[in-house]
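Two complexes are shown next, each including chain A; its partner changes from chain B in the first to chain C in the second.
Let's turn to the complex of A and B:
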């Protein structure tokens, strides 16, 4: 088992108290698995992604453990995490444009980064990886501003995986790109896994249809908790959590047209405040099938092969 | 109603404006009352520039934009123009001043356009405008922007536009920053406004959103129209290789990319639906009508050499 996360809680410190952005999350990611992590803004998906690599100053590790290939990640300890960071866990940040140093040519920047980690990199290996993501060697002689957004994103992907991490976290890597570069970048993620440069991957996104294209499993978060995790095909065709169902039916697919009598509808209401969230199921105020028992938090239980849901009515 | 006639936009770029860059070239289309036209293109295609020209935020370099047969650049009072034409933009959060309550945008409309209307009467108008965008006035009035969600703010901006006697709404990427669960509600609003007889220009990079709501579609690439026509025709039977490759790149929930055969690249010179030979493309430029209300540009001919991925400074999600 590559990654095992048990009851992870990460809160944001604010003047008014703790914002419970990640409130008890338990899941595993197998070797070779690409897991899509979907959710809306404020669902905690980015917090989860960040927790596995680096907590920023406002984030506090409150409880729970993260185990990667048998070793516990000291996620609350920034200095000790350094030993794992980029060697074992790596990240592709959302804004590749701001991840690159504008004053260095790409090749120089890569050399400096490798030197800072004390690793020697064969130029041939770097070139092989550039070929893999479909970049020409000339990019090494270019400044970041000379590259298009899709190219920069792919440069960052190469840099992030230079040390062959066991787990790669891709945080909204395609959301700032055009549809055609989106497809290329998503394809590159698959190639990184297939070429064995990374063992497993968590792809954080708000776009279920995009992650469905590349992920083996999809996990949906809502208001800091897990709602549902299932193999990608199952989640899309037979979702069991009411939130997942409503989210998927709210997507205007290509080919779906507006009609007066059968318009698609969104999910009314908004997620609960996480500063002081209500007890029980956090979706119950917006849920059409909520009943008395929802005042009690439903457990995240497995109802089918690899398919877990946190809903009292999931079995029906 | 709104008509663009061979509109071009040329920007001066470089240190002393020594070079020029054509952002929009020879674009012609119409938006009629009671119609949603979606303007689809990737970053740098000029779709937002067209929206900005219609909103008079940037002047037209060549060609003319007319609203009900009046050239919009000839309308001397911008205030009168904005009474009829309004825009809503991508980022609802930056449209509000965080220091003031969000409903100040309505008060500003009253000051500028309806100073004679009584306060009670105005409140009634605001409430009915809010109800028309499916907002509960009690939930949004008197709140600060940070207390409202992106979808609520975006709908308030649409309500603000509706308070005026608008005939045309330019909706520039209004959905992109919203969450999936509220997106569709804002999109449905455009259909409600259409039913009230407004013309709407819906600028987007998302093909599925454009397909969902629009009556007609204009696909732009590098400032030129590559294909336009009735939405069912453009999406159902795309003729231009670029439109096809765009459609194939849209992630879907029923088909996986890897199960699909590789489609041709948009840059590849496919058979041109328009010209029989490269020579002919010089004598017959422009768009060809391949069927009723379906126009396609020349694709594989000599005057459209395949272009490499542009080296660009432009921000990606324009």
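Let's turn to the complex of A and C:
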């Protein structure tokens, strides 16, 4: 098992109390697996992504463990976590366009970063990886502002994976791009895994249709908890959680004509406040099939091969 | 690159022209008649002699010509390097009077500007990292930077000069000494230099420290810092990058502050009777010395413009974004 997360809880500290953005999450990611992590904004997907590499100042690790290749990650301890960052866990941040120091040439920045981590970098290896993502070697001699957004993103991809991490977290990497660049970036992520530069990957996104094309499995989160995890094909074609079903049915399909009176359905209502969430299943206020038992939190149980759902009615 | 500097030079030339014109105008708006006071100094009673002197002086200073011609003559003489003759120290040429005062002003200004900038930036960056230092340094910085130069100068003169008696409070060297290159004289120079320097240094230091502290805190929140932190880069590298980026606005700030600092130096010189340009301006105004006033202002304008130009060049060297902007990004 590459990554094992057990009952992870990460809260945001606010003046009015703790916002329970990640409230007891348990799952595994296998070696070589690309897992898409989907959910609407506020579902806790980005919090989960960040928790695995670096908590920001307001986040607090409340409970649960994260194990990577048999070693427990000290996610609550910023200083001890440094040993794992970059070497074992790495990230492609949401803000790739501005992730590079504007006053350093890219080659120099990479060299300084590597030297500061005490790693010797083979220039040939760096060039090989630039070739892999289709960047010319000249970018090393450029300042970030001289590159296009897509180029900067690819540079960040190369830098983040230089030390062959076991786990790569790609946080909303396609959100700021146009559709053709999105496809290229998705392809590059796949390449990184296939070339063995990254063992497994979590692709955080709100775009299920994009992640479906590259992910082996997709995990859907809702209001700080897991809703469903399944192989990508199964999740899209046979979703079992009512939230996933509604999420999938809200996606347009290519080649299907929608009559004027049958518009795409959305999901009525909005997620519960996470400052003081109601007990039981958090989706039950919006759920069309909710019943009395939903006042009790349903467990996240496996109902098929690699297919887990947190819903009392999933087995029916 | 060439177009950029060409445009800059044009702007500086235009600024120079306007500033010098204003410098020429200002003394002439002053009430009073300089020739009259020059004659009064001679203490002569006979009206015909007075009349003869008036004609001679007015001819000498060119006051008998129409005002527009005086203006053109002024530019003509200026381009020849002739700043005219001082009325206050008649008949010493203005250029000589200024040459004698300039070393004192530069000796105060250059160390005060550069040291306060370097030390203020370092201290501000350092304070941003430590909570307790930040909490104590920040109020002190605000008090310092809000202090008028002359007020701090008076306080320092009172505390360290009059009460403690450590430093002399007037002049550039002991009045009992002859200028020369003896160690004793240099010691006296330094002793007299310290208080005016300290008052300039402290006020500017507070401003730079606060600016840098704010910039560093801003930079440490930037995306590139978050990325480096996520990759586990050590604090040393992150702080170096943040400092390098935070220093850029401080360089622009230096260009903007130069004029203020020069003005501060002038007032400080007057407080300490320091024989630099500030003192000259005071004397020139009191004696209605048009030419000395013009000459001193001219020197200050040139100094500020040259310093700004140097900063423009430095900025191009340290910020790659300005370089790309000049050639059109490729």
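We take it that the second predicted complex is superposed on the first by the 311 of 316 C-alpha atoms of A that agree within 3 Å, B and C clash if a C-alpha of one lies under 4 Å from a C-alpha of the other, contacts with A are read in each partner's own complex, and residues count from 1 in each chain.
We adopt the following convention: a contact is a pair of C-beta atoms (placed from the backbone, for glycine too) under 8 Å apart; a residue touches a chain by one contact, two chains touch by 3 or more.
The structure presented is a predicted model; accordingly, all values stated were derived computationally and were not measured.
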Combined model on chain A: chain C and chain B, fit or clash: fit
Touching partner for A:178 - first (chain B), second (chain C), both, neither: first
Which superposed partner A:85 touches (first chain B, second chain C, both, neither): second
Which of chain B and chain C A:187 touches, first, second, both or neither: first
Which superposed partner A:146 touches (first chain B, second chain C, both, neither): both
Contacts of A:103 with chain B and chain C, given as first, second, both or neither: second
Angle at the Cα centre of chain A, taken between the Cα centres of chain B and chain C once the superposition is applied, in steps of 10 degrees: 70
Which superposed partner A:212 touches (first chain B, second chain C, both, neither): first
Partner chain in contact with A:70 - chain B first, chain C second, else both or neither: neither
Most chain A residues touched (candidates chain B, chain C): B
Nearest Cα pair across chain B and chain C, whole Å: 6
Chain B/chain C common contact set on chain A: 145-146
Residues of chain A touching chain B in the complex: 40-41, 97, 145-151, 176-180, 182-183, 186-187, 206-210, 212-213, 236, 246-248, 250-258, 260, 263-267, 270
Residue numbers on chain A that touch chain C, as the complex places them: 53-54, 56, 81-87, 90-91, 93, 95, 98-105, 112-113, 116-117, 143, 145-146, 156, 159-160
Chain C residues within the chain A interface of the complex: 222-224, 226-234, 236-237, 241, 244-245, 248, 318-321, 324, 329-330
Residues of chain B touching chain A in the complex: 42-43, 149-151, 179-185, 187-188, 191, 205-209, 211-213, 231-232, 235, 245-247, 249-254, 256-258, 266, 309-313, 316-317
